[in-house]
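Presented sequentially are two complexes of chain A, the first with chain B as partner and the second with chain C.
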Partner chain A sequence: MDWLEDELRRALAREEPPVGFAKRVIARSARGPSGARRWLAAAAMVVVAVGAAGAWRQHQGYQTKQELMLALRLASAPMHRVQLEVKDISQ
Partner chain B sequence: MLTEAVETGCDFRALVRQHQATVFSIALHFLRDRATAEEVAQEVFFSLHRNLHQIETPAHAAAWLRKVAVQRSIDEGRRRSRRPQVALADVAEPAACIRPGDPLLSELLRKLVATLPEAPRMVMVLRYQEDLEPAEIAAALEMPVATVKSHLQRSLALLREKLARCGVGESGWTG
Partner chain C sequence: MKTLLIACLAALPVLGAPQQFQLNLDAVAAKSSQHVDVFLNASTLQLAAKFLDGDDPDEAKVRKLIEGIEGIYVRHYNFKSAGTWTQADLEPIRAQLRGPEWSKIVGVTRTEEGGSTEVWLRLAGNKSIGVAIIATDPKEVTVVNIAGNINLKALAELGGHFGVPKVKPAEKPKKEE
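For the complex of A and B:
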């Protein structure tokens, strides 16, 4: 092995991280997800909840519309009959 | 998670203590900035904590940490690449005489390694910090072994040339 490789090994030898590094990493890992991640998760839940509520409202509106249309159709048949009778009498 | 750790021998605390110097030094020697190296090393260990269930053996943990440290350091280096970097020509030649084993020579070499492009710089860090064989470096960097060997040869030749211009070398040490 040549002198340059020896010198490179010396120059690039492993160095210890700052004091307390391992403690800080272990403590933060034990706390779970970071604040930012927690906020992101909460925001995602809010978006899902708002979306679900909107979809439910839309579904309810559609159902109400269908019921109203059915009621109108049912009511329109006798009305049409009455209208025809009135027309006959007037003629 | 504790049961898994007992079964695999991969206790998170033990892994942090055992590999903190490796992970921190890969980032430090690649980025040449202690504060950034500490941030990168922390992120690597947080990532390990999230993925501990995938780790099968202590050897797997060591290889995993090395690979993630390499990737995170390269990513951080790319983010910082918009800022001005040290060029080979900008590295000052030593004013005083330098002898083998001199801390000044170590510092000069670290500066010169920092001027290498991304891939050869990481190859040099893994070869001389971690003492990895070209095949192991190739696996960590996902590149062919021949490319690793080529990076090593060219980088050594470049450093030798620069050092010779500084009057540092086998044939004639300064002083």
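For the complex of A and C:
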């Protein structure tokens, strides 16, 4: 059993990290995500922004169309009435 | 160069074809119970035109109608009771339309009902470049300015379409025999 105990002791023994390990970890974490991840995040943001702008433009377009229809309703109703009245008088 | 720049900046409102007379209806607005203002310039009309469905017959007519239009400006007021507004409230509008560039082409007064409709044309040479409509009823006032060249017949025919009920003129009382 001695060999097993020796193996375990060796495996579980406290080992000091290599020189500069802590510095390297801190430096890496300060650098933030990798370049590829940053590009992915930026691309996702662009896709979301383009989609939102398209949806907003679509919404604006439909709203303006409704306003146009309302304006033409209000403008055409008196014109239609006058047209009928003038026709009625001339007959 | 400075003068040219100022001249260009001064021309901008003309290029944008704003309303052709001031829709100063503050007196009417103050007395109204409800009002609708629609102001569409050339760029908003272009945007709206893109969303008109060419397969829908009514919307196709609208698209054709607005082809030569540079702006539509509408003010519509409702009143709770008759007699709230007076003809004097519309005088600021009529005073502008009495200018040499405007010609009244139709004026209908409904004495019994107490309403009227006036249609004015703005001419440049022989070409129509704008329309003004003043339509009143005891409980409604509508003032419209359409800037640009519009087919008035086509506009009148739109009445009765897309939710506008066709209005029949009041029947003449039958003579008793």
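Everything below uses one rule, namely that the second predicted complex is superposed on the first by the 61 of 91 C-alpha atoms of A that agree within 3 Å, B and C clash if a C-alpha of one lies under 4 Å from a C-alpha of the other, contacts with A are read in each partner's own complex, and residues count from 1 in each chain.
The rule we apply is simple: a contact is a pair of C-beta atoms (placed from the backbone, for glycine too) under 8 Å apart; a residue touches a chain by one contact, two chains touch by 3 or more.
From a predicted model like this one, the values you see are computed outputs, not experimental measurements.
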### Task
Determine, under the contact definition given at the top, whether A:A49 touches first (chain B), second (chain C), both, or neither.
neither
### Query
Should A:R10 be classified as contacting the first partner (chain B), the second (chain C), both, or neither?
first
### Message
Output check: A:A71 vs chain B and chain C. Expected answer is one of first, second, both, neither. What do you get?
### Response
second
### Message
Contacts for A:H80 in the overlay, against chain B (first) and chain C (second): which applies, first, second, both or neither?
### Response
second
### Task
Classify the contacts of A:D2 with the two partner chains as first (chain B alone), second (chain C alone), both, or neither.
first
#### Entry: Contacts of A:Y62 with chain B and chain C, given as first, second, both or neither
second
### Message
Tell me the contact category for A:A41 with respect to chain B and chain C: first, second, both or neither.
### Response
neither
### Query
When the two structures are overlaid on chain A, which partner does A:R24 contact: first (chain B), second (chain C), both, or neither?
first
### Task
Kindly list the residues of chain A that each of chain B and chain C touches, one partner per complex.
none
### Query
What does chain A use to touch chain C in their complex?
60-62, 64-65, 67-86, 88
### Of chain A, residues touching chain B in the complex
2-18, 21-22, 24-26, 28-29
### Message
Show me the residue ranges of chain C that touch chain A in the complex, using the header's touch definition.
### Response
36, 38, 40, 44-45, 47-48, 50-52, 62, 65-66, 72, 74, 76, 106, 108, 117, 119, 133, 135, 142, 144, 146, 152-153, 155-164, 166-169
#### Entry: Footprint of chain A on chain B - complex, ascending
12-13, 16-17, 20-22, 24-25, 28-29, 34, 37-38, 41-42, 45-46, 49, 100-101, 105-107, 109-110, 113, 124-125, 127-129, 131, 156, 159-160, 163, 170
